[in-house]
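Heads up, the next two complexes both have chain A, just with different partners, chain B and then chain C.
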Partner chain A sequence: MSNAIAEPQVIDLSLGELDLVDEIKELGGEELLECIQCAKCAAVCPMALAGFPFFNKRVIQAILIGSRETLLDDSSIWACQSCNRCTEICPRQVRPFEIILAMRRVAVREFALPTLTTDGLKSLFDVGHAVYLKEAGKSRKKVGLPEKPPSTLAHPQALRELQAIMRKTALAELGIIPMGEAEVAGSCEV
Partner chain B sequence: MKVGFFVGCNTAFNRPDLEQAVRFALPALGVELDDLEGQSCCPTWGTLPSIDLVGWCALGARNFALAEEKGLDMVTVCGSCYGSLAESKHKMLHDPELKAGVNAMLKEIGREFKGTSNIRQAVNFLYKEAGPEKIGAALRYRLDGLTVAVQPGCHSLWPSEVYVDPEEDSFHPAVLREMCAALGASAPYYSRLTDCCGMGGMRSTDMERSFKLVLTKLASIKEEIDPDLIVTGCSSCLIQLDTAQAFLQKDRLIDYEIPVLHYMQLLALCLGADPQQITGLAKTNVSRVVNRIRGDENE
Partner chain C sequence: MRIGVFICWCGSNIGGVVDVPRVVEAVSALPGVACCSDYKYMCSEPGQEKIRRAIAEHRLDRVVVASCSPRLHENTFRQVLAASGLNPYLLEMANIREHCAWVHQQEPAKATAKAIDLVRRAVAKAGKLEPLHSAAIPVTRRALVVGGGVAGMQAALDIAEAGYQVVLVEKEPSIGGKMAMLDKTFPTLDCAACIITPRMAAVARHPAIKLLTHAEVTAINGYVGNFKITVRQKARSVDYDKCTGCGICQEKCPCTVNSEYDQGLGTRKAIYVSFPQAVPNKPVIDRAHCRRFTRGKCGVCQQVCPSGAVDYAQEDVLFEEEVGAVVLATGYDLFDWTRAYGEYGYGRYPNVITGLQFERMNNANGPTGGKIRRPSDGGVPENVVFIQCVGSRDEAKGKEYCSRVCCLYTAKQARQVLEKIPGAKVHVFYIDVRCAGKAYEEFYQDAVARGACYIRGRVSKIYPTGDKLMVRGADTLLGRPVEIEAGLVVLATAMVPGAGGAELARLAGVSTGKDGFFQEIHPKLRPVESSTAGIFLAGSCQGPRDIPDTVAHAGAAAVKVCALFARGEIITEPVVARINERLCTGCLACRLVCPYRAVEPKSIPARGGAPERTVAVVNSGLCQGCGACSATCRSGAIDLAGFSNEQLLAEISALCH
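Our next item is the complex of A and B:
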C-alpha cells in the first residue's frame, strides 16, 4: 500500500473485446451503458476503502473497454461485499453491484472462480448451506439447541427439493461441482 | 403474532448462541416462532447469485414458499440472508418473466412463489412491531450507564427500495441506536458508524484488506466514544468484529479489546436469559459487561 504512484500503463484499446458489454447486459448488468463514470459509487465502496484495485467504477470501466483478462486475472470482483451502497447512491440507476455480479457470471463461465466459491457451491448442494461447519453440533448442544438446525440438514426431503432446483440452474451445465447423489460434506466457511 | 425464524448458515453453525438469543427474546416479547422446517441457505452472494439469476431467485423463492404456505413473514438476524432474500423477492415481483421461470422450476417440487410473505430483519422488525417503549417496559435488567457503539450492517440499509422496514435515511441510520437507547444504553454517533465490517466476500478473498476496514472502524469507535460494548444488527458483523480483534492484537495494531454482541443477544440478556446460552460462544471477553448488566459482581 506504500506505492502511492502507480506505474503508468499503456492500454491498447484496439485489443478490447467489445462483446463483453453484450455478455454483461445479458447476464444481469442491463444498465451498464447508463454509466457516466462519475465515481459516486467508488466514493461509498468498501472495496475502494480497503484498497482493492478493481472496485465498482473501475470494473465498469474495464468492461466498457473490453478488458476481459484484466478482470479475470484479478480477484477483486469476488471481494465485493454485495452491500449495495453503489445501487443506492448511483444517480443514473446503473446498479453497479448487478454489474459486478454479471462479471462474476462471465468469470464462472470461463471457470475463473475462487476455490472458496466452488467449496461454497458444493456445500450448498450437499447440505443446503453454503457455510457449514461439521463440528457445529457440539457448540449447538453446548448452548442448549438440537445438534441440527431445522433446515435441509435435518430434513432429507427438503434437501432433495433444493438439489432438484440446483440441477436446473446454469450450475448443472457448467459442471463445476458434482451434482449426483448427496453426501455429507466437510466443513465450509465462505 | 407469529413469524417464521429464518436461521441461515452463520447463525446456525458459527454462532448458535445468537440463534438461542432469538429463540428467547422474540417469544418473551410475545412473538411466536415457527421453525420453517426444511429451510436452506438464502442463498448467499458468492454462490448461486454469482452463477445465475434464475437459480438465485429459485432457491430464495423456495424459502419464501415455506413461509407463504404458513401465511407468515420471516425474521432473520443475518444481513446476508436479509439482503439476498429481499433482493430476490424484489426482482421476481418486478420481472414477471423471471417469476414465471422460477415458478416453472418450483412446480417440479410441488411449490409456488406468490410473493405474499416478507423477509424482515429482527431489529427493524421489533422496532416496528413492538417499539422501543414496549421493549423498555419488559426488561429485567437495564443498560443504564453503559455506552455502546452500534454497527447496523450494510444489508439492513441498502438497497433501501427492497426492504419492508427501511430506515428513513439509510446513510444516517437511527433504528439500532434507538433500540439500544430503549434498553437504557447511550448509543452515540461516531464517524465510521455506517462503514462496512469487511466480512463476507472480502474476508474470503483478502483477509488483510478485510481487517483494514475493521481497524479503521475500531479506531473511530475507540477514539470517539470509547464504548463498553459494540452492538451489531447483523450476524456477519458480529462474527467479524468478535473474531478480528485477536488478530489485530497479535499484530500489535490494537492494544485493547471491545466486547461484541448482536442486538438480539443483548436484548435476551436484558430480558433475563441465561448468559451462557445466549453469549457463550463469543471470542471477545463479554463476561465483564454481562456481569455488570446482571449485577452479578461476584461471578
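Our next item is the complex of A and C:
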C-alpha cells in the first residue's frame, strides 16, 4: 500500500484478474458472487459515512471486476471497524465483512499492509496482546487489580503456546514480523 | 312519455362533490319525468334491481342513468332495460362523474348546477329515443394468419386444431421466422431448431392449413366475419409441382449473395433454400441478384435441373381468399444501430456484431459451424464484450422502451462464450438487468456464477487499437471509468416492428402505437384485439416479447378467432349511419371522411324516367358509428342511429334553456 503511486484514471478491465474472485472465496468470502450490489450494506457502513471510497459493496465490485490494484492502492479495506452490521443486514447472506477480511488476507500476502498493522502483529507475538498500554500496570494497581491481567502476560507458558501457534500460520511464512525462538522477555510491556 | 331518472352517488366519487338530493329535486320537476331516485352504487345488483322495479311500477318507457362514463357501464344498464322488457337502446346516460364531479372537485355548487344541466339534456334526448335492433351477420369460418414465425405458426395450428380452415401467408420463402435463426433459447437452453422445425413441419402437413410462402397480403377488404383478402404469390421462378428439392441448382449456381438467414455473416446462392430445414424445402430465385435477370446471361440452374422445374417466365399471381378473421403475426426486426451509433463505429468494425449475428455464429447450422470467431480474421476472441440496451431505453438515438428479451439472451450468450472458449473473459455492460420471468433471475445469477463479469454502465465509445477494439465505459457501481480490449463486441439491439408492418396496418385499418407496434384495444382486458373488429394480434408485432410470451399471446389470439367462429354469426351494433336516399345528392363527401371504408356508392333509379343517379350506401358491418359522415353531409341525408340530428338538437335546446 503506497500513496505515492497515483491512482489510475481509468481501470483497465483487460488487466482484470478474474481469479481474484476464487482467491477471495478460498480466503473466507465464499458468498461473493451472491452480491447484487443493492447497497444495503453501504447504507449501514461507518466507513462509507467516514468517506472512504471503497466501502463494503465497492470492495465487492472491485473484486468482481478483478481490480486487485485498485484495492491495494487504497487504505479503505483497513478502515473497516469490524462492526459486522453489513453481514447482519445483507439480504443475500453475502457476509461483506468476511469479504473485507478476505481481501485483507490477499493484501497481506502481497505485503500491502499498513505499518500500524505490523506493530499490532509484533505486539501480539511478543506479549499476546495486539493492543496493550505501557501504563496499564500502574492504572490497574491504582484500582486494586493485579498489575498483570490473567492472560499471556501472567502466564508465560500460555504465551509460548500462542507463539507456537502463530509460527504455524501463514503469517510466519510471510516473515512480516520476526518470530524468533528467543526467550520471552521478563517484562512484557511494550 | 314516461321517463325514469336514476342518479348514482358512486360512493363519494359523485356524492362527495355533487349535491345529489338537490339534483333529484330539480330533475323530478322536468316534463316527462315519471320518477326520479338516487342510490349509492347504481351499477351494483341492488341498484339494478331498483331500476327494474321502477320500470315495472311506473310503467317507464325511457330510462336515464346519471352516473359515470357510458364507456364503463352503458352496457350494464342496457342489459337492465332488456331484462325488464324494454328495448336496450331506450337508455340515455349523463356522465356526472368524469365530466362533472371529478373535474369540478373544488366547486361543488357549480358542479351540482352542471349535473342538473347534464341530466336535463339527457332527459330531453331520452324523449326522442327510438328502439334500435341488432342484426346478425354470418361468419366465414376460415382464418387468415399473416406471418409464419413462431407466433403465426402457433395461432395457425391452434385454430386448425379447433377444426377451422386457416390460410397462412409468409413473405419469406420459408416459414420459421426469427426463431429458426436462434441457437439455444433461455432459460432452459434447449435448442431453438429442435422446437421450431417440428412445428414448421406440422404446419406444412396440417390438412386444415393452406400454407402460402413467398407471398404477401396486398389488400384486406370487408369486415368482421366477411373479409376478402388479396394475396400476391411472388414469382419463385421454380415450379414447385415439378421441383423435388434435390438442391443441384443451388450447388451449381455461380452467383453468391450475402445470406439474410446468416445475417450477412455467410453467403447463399441466387437460387436458394434459406436454410437446410426450410419449409417448404424448395428453392426460389432471387431476381435482384440472379445473372439471368440482371444481365440476361447464365441459365445454369435450368440446365442442371433434372426435373425441368426452373421457370424464368413465372410471374407474380394475385388471388383472393375469403376469411372471417385475420391474425396479424408479423413479428419484429432489429433496430438498425449502424445508422445511429457513431460511438460504436456505425458498423465499420467487423468485430462489432448484433446479438442475432452472434446467434447465427453460435449455431451449428451457421457460417462458422457453431464456433465463436472474430468476423475480421476468423480468430478466437479471448475477450468478449456484450453491450445491452443498444437502441432500447435510448430516447436520443433509438427507442424509449425496453425490448424485454436482451437481458436474458445476453446472459445466455455470455454463458455460451464461457463454455465454448476456455479461459475467455466475458464482460457485460448493462444499465439494469431485468429478469422478469419464470426462472429468469436464476438463469442470470447462474451466468454470473459461471464467470460473466457484469459492469453497470453504458459503453460510451468503441475504437480500434491495432487489430483489437477498445471499449470504454464506466463502472457506476465503483464510480470509475473503465476500459477493456475486446476481440468481439456483441450489441443487444432493440426490437422494432417487423418491416412492412406500417403498410399492413394501413391495409387492415389497424392502429399503431407511437413506436409502430400494432395497438391492442385494451392493454389489460383485450390484449390480442386490434382496433378493427375481427383482426387480432399475435406476438411481437404488438410489442417486444420473448418466445414463451409470444406463444401465449398467439394462443390467446387463436382462442378469440375460435370464439368468433364457434358463434357462427356476429350481432352487429345498431348504432350505425343511415342514409336517406331521397336527400342524398351522391357527392360522396362521406366516403372521404369514413375511417372504416364503410361507405360505397350505389346507383338507384331516378324519379320520372331520368337516368340512374348515385347515392351513398353504408355497409353496417363495417360502420363503427363514429358519426364523421353525418357531420360531413351537406344535405343532412345521414343520421347516426341513436345520435340523429333531431336527438342532438333536442339536447342542445335543453342545454340552452
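Note that the second predicted complex is superposed on the first by the 170 of 190 C-alpha atoms of A that agree within 3 Å, B and C clash if a C-alpha of one lies under 4 Å from a C-alpha of the other, contacts with A are read in each partner's own complex, and residues count from 1 in each chain.
FYI, a contact is a pair of C-beta atoms (placed from the backbone, for glycine too) under 8 Å apart; a residue touches a chain by one contact, two chains touch by 3 or more.
Because the structure is predicted, anything quoted here is derived from the model rather than measured.
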Between chain B and chain C, positioned on chain A by superposition, is the outcome a clash or a fit? fit
Once the structures are superposed on A, label A:Ile11 by its partner contacts, choosing first (chain B), second (chain C), both or neither. second
So in the superposed three-chain picture, is A:Gly51 touching just chain B, just chain C, both, or none of them (first/second/both/neither)? first
Once the shared chain is lined up, is A:Val106 touching chain B (first), chain C (second), both, or neither of them? neither
Per the contact definition in the header, classify A:Cys41: touching chain B only (first), chain C only (second), both, or neither. neither
After the superposition on A, what does A:Arg140 contact: first (chain B), second (chain C), both or neither? first
Superposition-derived comparison: chain B or chain C, residues of chain A touched: B
Give one of first, second, both or neither to describe whether A:Ile24 is in contact with chain B, with chain C, with both, or with none. neither
Please give the least Cα distance, whole angstrom, that chain B and chain C reach in the superposed model. 20
Chain A positions touched by chain B in one structure and by chain C in the second: none
What residues on chain A touch chain C, complex-wise? 9-14, 16, 18, 21, 33-34, 37, 53, 57-58, 61-62, 64-67, 70
What residues of chain C sit close enough to touch chain A in their complex? 383, 425, 427, 445, 448-449, 451, 453-456, 472, 475, 477-485
Parts of chain A lying in touch with chain B, wherever the complex brings them together: 27-28, 46-47, 49-52, 75-76, 78-85, 87-88, 101, 104-105, 108, 113-114, 116-117, 120-121, 124, 128-133, 136, 139-140, 142-145, 149-152, 154-155, 157-159, 161-162, 164-166, 168-171, 174, 189-190
In the complex with chain A, residue positions of chain B that touch it: 7, 9-10, 12-14, 16-17, 19-20, 23, 35-41, 43-55, 58-59, 62, 80, 83, 87, 105-106, 108-109, 111, 154-155, 157-160, 170-171, 195-196, 198-202, 204-206, 209-210, 212-213, 216, 274, 276-278, 280-281
